[in-house]
Each structure stands twice: as C-alpha cells, then as structure tokens.
Amino acid sequence: MIEASPGTPEFDVDELAAAIDGCIDCEQSCTACADADVAEPDVAEMRRCIGLCLDCADVCAATARVLSRQTRYDKYLVQRLLEACVRACSSCAEECERHAQHHEHCRVCAEVCRSCERACRTLLDAQAFEEIDALRGG
Amino acid sequence: MIEASPGTPEFDVDELAAAIDGCIDCEQSCTACADADVAEPDVAEMRRCIGLCLDCADVCAATARVLSRQTRYDKYLVQRLLEACVRACSSCAEECERHAQHHEHCRVCAEVCRSCERACRTLLDAQAFEEIDALRGG
Amino acid sequence: MIEASPGTPEFDVDELAAAIDGCIDCEQSCTACADADVAEPDVAEMRRCIGLCLDCADVCAATARVLSRQTRYDKYLVQRLLEACVRACSSCAEECERHAQHHEHCRVCAEVCRSCERACRTLLDAQAFEEIDALRGG
Amino acid sequence: MIEASPGTPEFDVDELAAAIDGCIDCEQSCTACADADVAEPDVAEMRRCIGLCLDCADVCAATARVLSRQTRYDKYLVQRLLEACVRACSSCAEECERHAQHHEHCRVCAEVCRSCERACRTLLDAQAFEEIDALRGG
C-alpha cells in the first residue's frame, strides 16, 4: 500500500510499514487486554493496567492513521506523536509485564507493546527528524 | 490474544480473528487510499472514493474494537455493526474497483475491503446470530 | 459548520447537527463513565457497564464522523450505522440506569446516551430513508 | 461528568473540561472541513488542508479520550500527547486561515482549532507538569 501512493515517503518504506503495523497490532492487543482485565477475578488489581491499555490503544490508533497518510505534511506533528506513542507503549508494557506470569493476555500484550515501541523509536531515529533535532538543539 | 481472554467466545475463534484482522487491515488500507487519492492528479475524479474510504476506515475501526471485546455483552449491537461494516466495505470496494486499473492503491484497497467484507459476512452467518434472526422472522 | 459545506444535505440541518452533537457527547460521556466504573470500589459489579460504555463510545465515534461527512455518498451505510448506534446507546443507557442511584457518573451517562439515541432515531425516521425502507418492504 | 468520577483530578476541573470540549469540537470540525474541502471546485488547492485536517481530527480524538480518563495514570503520556495536539491544531489552523476568505468552513475550522490549541496549552502550563519540566531541565 505504501509503495502504491503517489507521495514521496520521507521514511524508509520498511521502517514506516513496521511502525504502522506495530501501531495497529498494539491498538488491537491493548483493546483486547483491557477487556480481558475487566473479566478477570482480580479486576481490582488490574485497574492501572486497564487504564494504560485503553490510553495506549487510542494513541496507537491516531499514530497509525497519521503515519498512513504518506503524503506527509507536518514532520513536527509526526515526531511529537511518535514520542507520545513510545511513552504510551512503554508504560503499558511495563504494567502488563507485572501481570505476565498470571495473565497470558498481559504477557502477549506486553510483547506487542514492546514491539510497537521499538518500531516507533526506529522512525524517531530516522534521518527525517535530524534537522528538527538540530533546530531544537537536541 | 483471543484465546488468552477469560471470556467464553460466542464465535468460532478463527472466524472471529479473521474478522478482527480484516477490519484493522481495512481501516489502514482505506486511510492510506484516501490519502493517496487526494494526492493524485485526477483528485477531482476521486471525490467519491475519498469519502467512501474515510467512512469505511471509521466503521472498520469501531467494528474491530467491539469484536476485540470478547467478553461479549450485546449480540444485537454486534450484528448491526457487522451489517454496517459489510455495507461500508462493499461500497468502498465497488468504488475502488472502478479505479483499479489506473491507481494501484485502489486495486489493493478494493481487495482488502472485499476480504474484510467476506470475514464479516462469515461472522454474520454464524450460529450466534441464528436466534436473533429467528426472533426477527428473518 | 454544516451550513458552510458545499454539499447538499439530505437531512434537516438541525436534526443532523443534533445527531452529531449527540454522538460526540455520548462518546465522551461513555469514555469517562467506563473510566469511573473501573475506579469504583464495586468494580466487579460494573463489568457489564464498562464493556457497554466502551462499545458505545466506539460506535458513537464512527457515527459522528460518518454523519460529519455531509457530502453524503451512501445512504444505506448511514442507515445501518444509525441502527447500530441506536442499539449501542439504548443498551448502555439501560445498564447505566441500573447504577444511577449509587453512581452519579452512571446517572449522567444514561441521560447522555438516551439523548443520543433519540437524536439518531429522529434521523432514522427522516424522509431520506423512506425509499430504502420501501425497497426493503419495511 | 468530570466531578462525578471517583478519581482525584490532577488538573483544574474547568481547564480540563475546556480541553476535552476543545478536542471533541475540533475533531468534529476538522472531519467536516476535510469533507467540505474535497467537495470544493478548487480541491486541488486544498490538498494540504485535507491532510492536516484529517491528522488533526485523529490526534484530537485520542487526546479527548485520554483526558476523559480522569483516574490519571501517566502524566508523561498526557504531556506528550498535549504537545502533539497543540502542534496538530496550530498547523491545521494556520492552513485553514489561508483559505478563510473564500471558504467559510475553513474560517470556522481555524477558529475551532485555535480554541482547542489554547485550551491544551493551558493544561500544559498547569502545575501538574511542573515537576516533569523540572526533571527535564526545561
């Protein structure tokens, strides 16, 4: 799909595809994990996990959509959104990892979050953002 | 992820997974296709395609989420939403097919829409809805 | 915003605006109610409410977006989506009403859901759908 | 709705409500503006506007949802997401302002974006983030 667009991608096509896939998988996994958390007998212990999963699903959904609009318009927005997405994924993964031993859905969800986090970090490190970082003095 | 949930799925696990995957692929494909349409030189001819792709992406997004909440609560809602999703996918596929020869993204998007349409229809035909259809006299 | 569009609306402008407003209010209310449910001491009693609120938020979000695309393309889709939205709102309202006496957020959320349900029903009854109903034999 | 939650808000209730309202209004306005842009005779001049409106709608949608989950869990995520939202709104407003004289929907949309931008900036300046800024050395 990415290669069929008339736009000129500012990212490596494989890295962009990995980030989009990471985000849509993570949205699904977090939606399902929050739902499973609610159904668990120890739901009262899973409150933080539910909240972080729901937030992560929403941020991943927005990130997947913005990245899918390849005829890129606003690099600063993409950078900030990727930073929010990396944070959402790492927070959610950290919490899910705490429950991974007793809840299989948390174990799977943590892996999916980590994978999305990595793919978004890879894009953030891409050349496309170097000039912004230079301007920021970062 | 589906099998890790404490809920008892009312659908065949493979069929449910196929519908969820179909919806999230279709949301992505339609988002990207609408964006590519806007960038095409013949954008004025692509207006209907843009609108149908954007609608389809939103309906697929909602359907993927509701289906991902496996601890199912409201079968009637699922049925109506699947009916809306089937319609969104078939309308969008029909329009994309008209542009498939000159726009590769439309050719790919039409295939993804048809695949999602089939997966949602399979769920609609499932046993879980038979009693509703009986009540409806359908 | 509706009147500024170059499209010719198929609905009464006030009724359309009421349905869009109803959906976006309901998405927000259901998102907040699900979050509040999770934080309640009796979270284990609120499971069904959480699930119905999350589903309702997602369906309302999609409906608000499709209705906001006024240069209308697919009346059948709009009709089916409104039917799904009416169902999501009425199921969620019914459940929230059961908790209205002990949870203020459920009381408020039930009212917002009922209001959205009414606004969507009004659109469904509109002239625009009469020919579809005739074709359906309904 | 905010006051009915069992959570302890970390933000001023009125400022939080203003940001949530700003985001949901902006999502709606940007969705409608993109749709109207596509229908305009000068659609080829509106490409950038369509893309920025669609991105802004998606980022505002995610921000509204995360802010609506008041039983706040991850301040860093909220901060980064607000930064992305401020950027999305200001980029979109800037572009819509360029078309405000000939497209009424762009004039209205620019105002709604600016209002959302202001409400999100107010939250970003709130005390809740001061400690994060201190840690960041900012």
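Lettered A, B, C and D in written order, each chain numbered from 1.
Methods note: a residue touches a chain if its C-beta (ideal position, glycine included) is under 8 Å from a C-beta of that chain, and two chains touch if they have at least 3 such contacts.
All figures in this text were calculated on a predicted structure; none of them were measured in a lab.
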item	value
Taking each chain's C-alpha mean as its centre, the one farthest from chain C	A
Between chain B and chain D, centroid-to-centroid distance (C-alpha), Å	28
Distance between the centres, which are taken as Cα means, of chain C and chain B, whole angstrom	20
Whole-Å separation of chain centres (CA-atom averages), chain C against chain D	22
Chain D: positions in contact with at least two other chains	35, 38-39, 47, 51, 54, 61, 65, 69, 71
Topology of the chain contact graph, where touching chains are joined (line, ring, star, complete, other)	complete
Of all residues in chain D, those that touch chain A in their complex	47-48, 51-52, 54-55, 58-59, 61-62, 65-66, 69, 71, 73-74, 76-77, 80-81, 83-84, 87-88, 91
Interface residues, chain C side, partner chain D - complex	1-2, 4-7, 20, 24-25, 27-29, 31-33, 35-36, 38-40, 57, 61, 64-65, 68-71, 103-105, 107-109
Of chain D, residues touching chain B in the complex	34-35, 38-39, 43-44, 47, 50-51, 54
